[in-house]
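You will see two complexes here that share chain A, one where it goes with chain B and one where it goes with chain C.
Moving on to the complex of A and B:
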């Protein structure tokens, strides 16, 4: 296998991936919004670490660019934007509104992780690329957990953090399979994420002003009778 | 040259609308920008109809038949919607004043910029960014009315379509990986089609499914359609025209682009997925149309139906079916934007969107009644409008290729949708008006926009100009048949 090529870096990447998945579970299961945000920042740091490890192994300067962009946007800009737009939701509220309780959420999370592994095994077997067998299944699992977080949460900011965790999952898988995306595409994707956070943050603020709450999961005036 | 200008004009108009000039002139600036965009798009389309291809900036921007068709339709609807906005947005933002109007036009032009960028950007990764930007720029246009319902609609719209776009992103990264494995250096639609036969199917297939489901969310394919009737009924009518008429179609264009890519891989067949998702969307939308209570929501369901029809037509395969799909896209963009203009005028004049609350339209407001009836006939697929012809061509292509079951089911659900739309519009148009109160007149710009939008609506059902015919052929060729 390819992992024999880079024994130490592979082991480090596998450890990073395991911690990455743990933070995804944490974002899904934690009770507090602030803890959720801190877990997201930790997850972004682990994504950066994986990009650096792969960058060293594959000698790809592009991956170092990805790492730098991730640090700037996800650990600095996004928390700053959230503080400016929805600081009350992040720093003062304790989230209790959720669709499912924590044990059932964790059970579903475990099932989703197994499904992600099963789905990716034929692809990993077919295309032999170093690190893909670590990053692809774990990235897909994090994507599933992020999507499930969006579904399972009722509050606006935790839903947004689920979306961002999903996006981190895509990039965790992505760094292994596209070590040389054109720089312009990297930059565009880098600009995209803070804009998403800005738009959703401003929308959340407007919802609080007009509706008086941010439990968006409870908004249900529009539906078929 | 034209392609570069197409990309530059709308952001420029946006900056101008937000500058002090825009305080009184944002609407005319936007309208002039949209008209020049439309003329440029026509020139691009004319070139492509002759030569089949156009590019600019050393291949950074490129356009073939399908791209030029989408570009032209986006520019057309952007023009009529800009004219419609002129009076419509003024009366909707009387209380908040010109600042709100300026913000509207600033975002409107950026939204149009992102819509025209999708069909002309050659790099597929940048195209994904453009699709993502269409959502982000239109979010606050959907929330323009600032009511709880509008904000709820905007939230669902942004959350679900962004979620879909992020899923699709992994699909595009996989496609890029595939082109690298196949030895291609660039990541354009052309290089993708060339590389497809050499990409491992274990890679191409999950990529295709991720993009179909992810971008299918933004197209409004069932079962990912739940946000669409909310956003398309709560936004201002001019924005509904863009969302329903061209935004959904712009994203569908990306999915249609995958058809020749997957078709190039010998072991894979995308057609059952196109037909399956398409038929499911048509079936569910036609049943939802029967139970519609809100007339803007009714037209939104009809968009889900039409996206399904186009997908089925693409999935049927063959030149005839693809030509019909391109024609259906044209008919949909023109008729659906017209319908939302009519619905917007009626909603403004009667202060309601409930079908039950609008009665006796023909006596109370004859011109609006005529517009609504014409739009409903056109969108439901009655002769002599374009959608009648394109749907007929789809059925014909389906029967000629021996796919009787698919064609029969499609015809059945299209007939249900036709009856549902006719039933609702009939109840609104005829019968006695509930009271003799005078109804406020529609703003002049709205009437003018409807009159302009009526020209292609009436014309393209009975006569297709030669260049447009060539463009439709080129579009069908780009879909791979």
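Moving on to the complex of A and C:
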């Protein structure tokens, strides 16, 4: 249950974690491409909030640096790059074709969350840090959901957002286990991820110019010509 | 004991008399948000009075079910109001007659009779609305069960009076993730159960698109008045469960004197107004879902409630 040491902070962190998981479900289930981008921004904000809460509780300046870097890259830079490189038409479209329909992907999401909690329960029992008990299972669940988003979606941009949600999940679990994360590692990730986004964004643009759509799930076989 | 029964009856009077007002305030606020003036908040009372004085026409091909249904539907929320905290924070005389699941069953009984009555008249729109309501109903059922199992598991009881104390003592319990997620899931459940906007349009007049309202199209006069009043009461009972048991158990009467109980009424009304504001905002900012998208809406509610259950079980 709630730790006696930081009752309010860990309660707030748990709430942040629950909302974080909700945004991951949202990224998986929304039809509109723009909506899933906005959900990703919300998710990154929640990640920042969790890092700040942990920074206050554990008195770790590194976590504040993590929070600052997250807010710079994930809520400002990545959305900006994505909006710039991918044409506006993509954001207006709704994704009609998915590998699985939304109700079944939601049910699979529920199963994935249960599996994540089951997998993490021995670890949660072992660690005594209250924040790790909250962040580990939720972070793993968000990772699973991000992976599943990549699988279940067919449009390029939502797939990329699934990848980024996965990365958010890793960080969400990571900030709780390693409070003194070297800033250099975080900086490296902060540079890496926008570069990946830029590359995928440009690639999507190229695909769109050549094929006329971004439903990469349909581009599985070669055309004879 | 006599005082307890009296307070219980006071709750009934509160539910019966305030229900049309809540409906009136909701529709007024909704029109205001659309920059219209809207009808008076007392308009539902006038409508009910008008309908009660009018003649009732009943098809001679219909059975007793059609005639009995308005009374069953009217009685169901009244019985539920005996079981839930409407004005007082402590259990009243009838509170241990049934738990939250019992309340759910009583409300479902009213819905069951309304469905039968809709099929009974052989009006083409009635059975259609009835089957759609059943569809929404069975999609909402798992959410309902998971929400209430989690709530009772957390509080160690299924009696709503005991449940409500759990979330606010100590206050940090209020921010528990499972609590917040349950609130979201239950809010979605209320929207579906009462036929509110993302699921059904309460003010729509187009029969082919109706879900909930087309069941009572055949009623006239007193039957129509009772059905409408029953709908408003069911809505108010759901709001009371949401507001008094799950969200904000503050402001309920703690003292046992009748004055305390009466003084709780304005506070409860204020909380209900807060809920109605949220509801109006949701209803005005969303569009009605297509029929087969309702599965997605309630599927999301189910996943949210399951996440609430899991985060609770893993003792976060």
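One rule holds for everything that comes next: the second predicted complex is superposed on the first by the 217 of 225 C-alpha atoms of A that agree within 3 Å, B and C clash if a C-alpha of one lies under 4 Å from a C-alpha of the other, contacts with A are read in each partner's own complex, and residues count from 1 in each chain.
The rule we apply is simple: a residue touches a chain if its C-beta (ideal position, glycine included) is under 8 Å from a C-beta of that chain, and two chains touch if they have at least 3 such contacts.
Source: prediction; values computed, not measured.
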Exercise for the section: Kindly classify A:56 by the partners it touches after superposition: chain B alone (first), chain C alone (second), both, or neither? Expected result: neither
Practice task
Decide which partner touches more residues of chain A, taking chain B and chain C as the two options.
Solution key: B
Exercise for the section: Pick one for A:134: touches chain B only (first), chain C only (second), both, or neither. Expected result: second
Exercise for the section: State whether A:68 touches chain B only (first), chain C only (second), both chains, or neither. Expected result: neither
Handout entry: Partner chain(s) touched by A:199 [first = chain B, second = chain C, both, neither]
Key = first
Practice task
Determine, under the contact definition given at the top, whether A:100 touches first (chain B), second (chain C), both, or neither.
Solution key: neither
Practice task
Return first, second, both or neither, reflecting whether A:29 touches chain B, chain C, both chains, or no partner chain.
Solution key: second
Exercise for the section: Please indicate which partner A:110 is in contact with in the superposed arrangement: first for chain B, second for chain C, both, or neither. Expected result: second
Problem - Touched partner set for A:211, first chain B, second chain C, both or neither - result: first
Completion exercise
Note: in the complex, chain A contacts chain B through residues 119, 122-123, 125-127, 139-140, 143, 147, 150, 156, 159, 163, 166-167, 170, 173-174, 177-178, 180-182, 184-185, 188-189, 192, 195-196, 199-200, 202-203, 206-207, 210-211, 216, 219-222, 224-225
Exercise for the section: Flag every residue of chain B that touches chain A in the complex, lowest number first. Expected result: 123, 125-126, 129, 132-133, 136, 139-140, 143, 146-149, 151-156, 158-159, 162-163, 166-167, 169-170, 173-174, 176-177, 180-181, 187, 200, 202-203, 206, 229-230, 233-234, 288, 291, 293
Practice task
State the interface residues of chain C toward chain A in the complex, per the touch definition above.
Solution key: 170, 172, 175-178, 180-181, 184, 295-296, 299-300, 302-304, 306-308, 310-311, 313-316
Completion exercise
chain A contacts chain C in the complex at 1-2, 7-8, 11-12, 14-15, 17-19, 21-22, 25, 29, 102-103, 106-107, 109-110, 113-114, 117, 120-121, 124, 133-134, 137-138
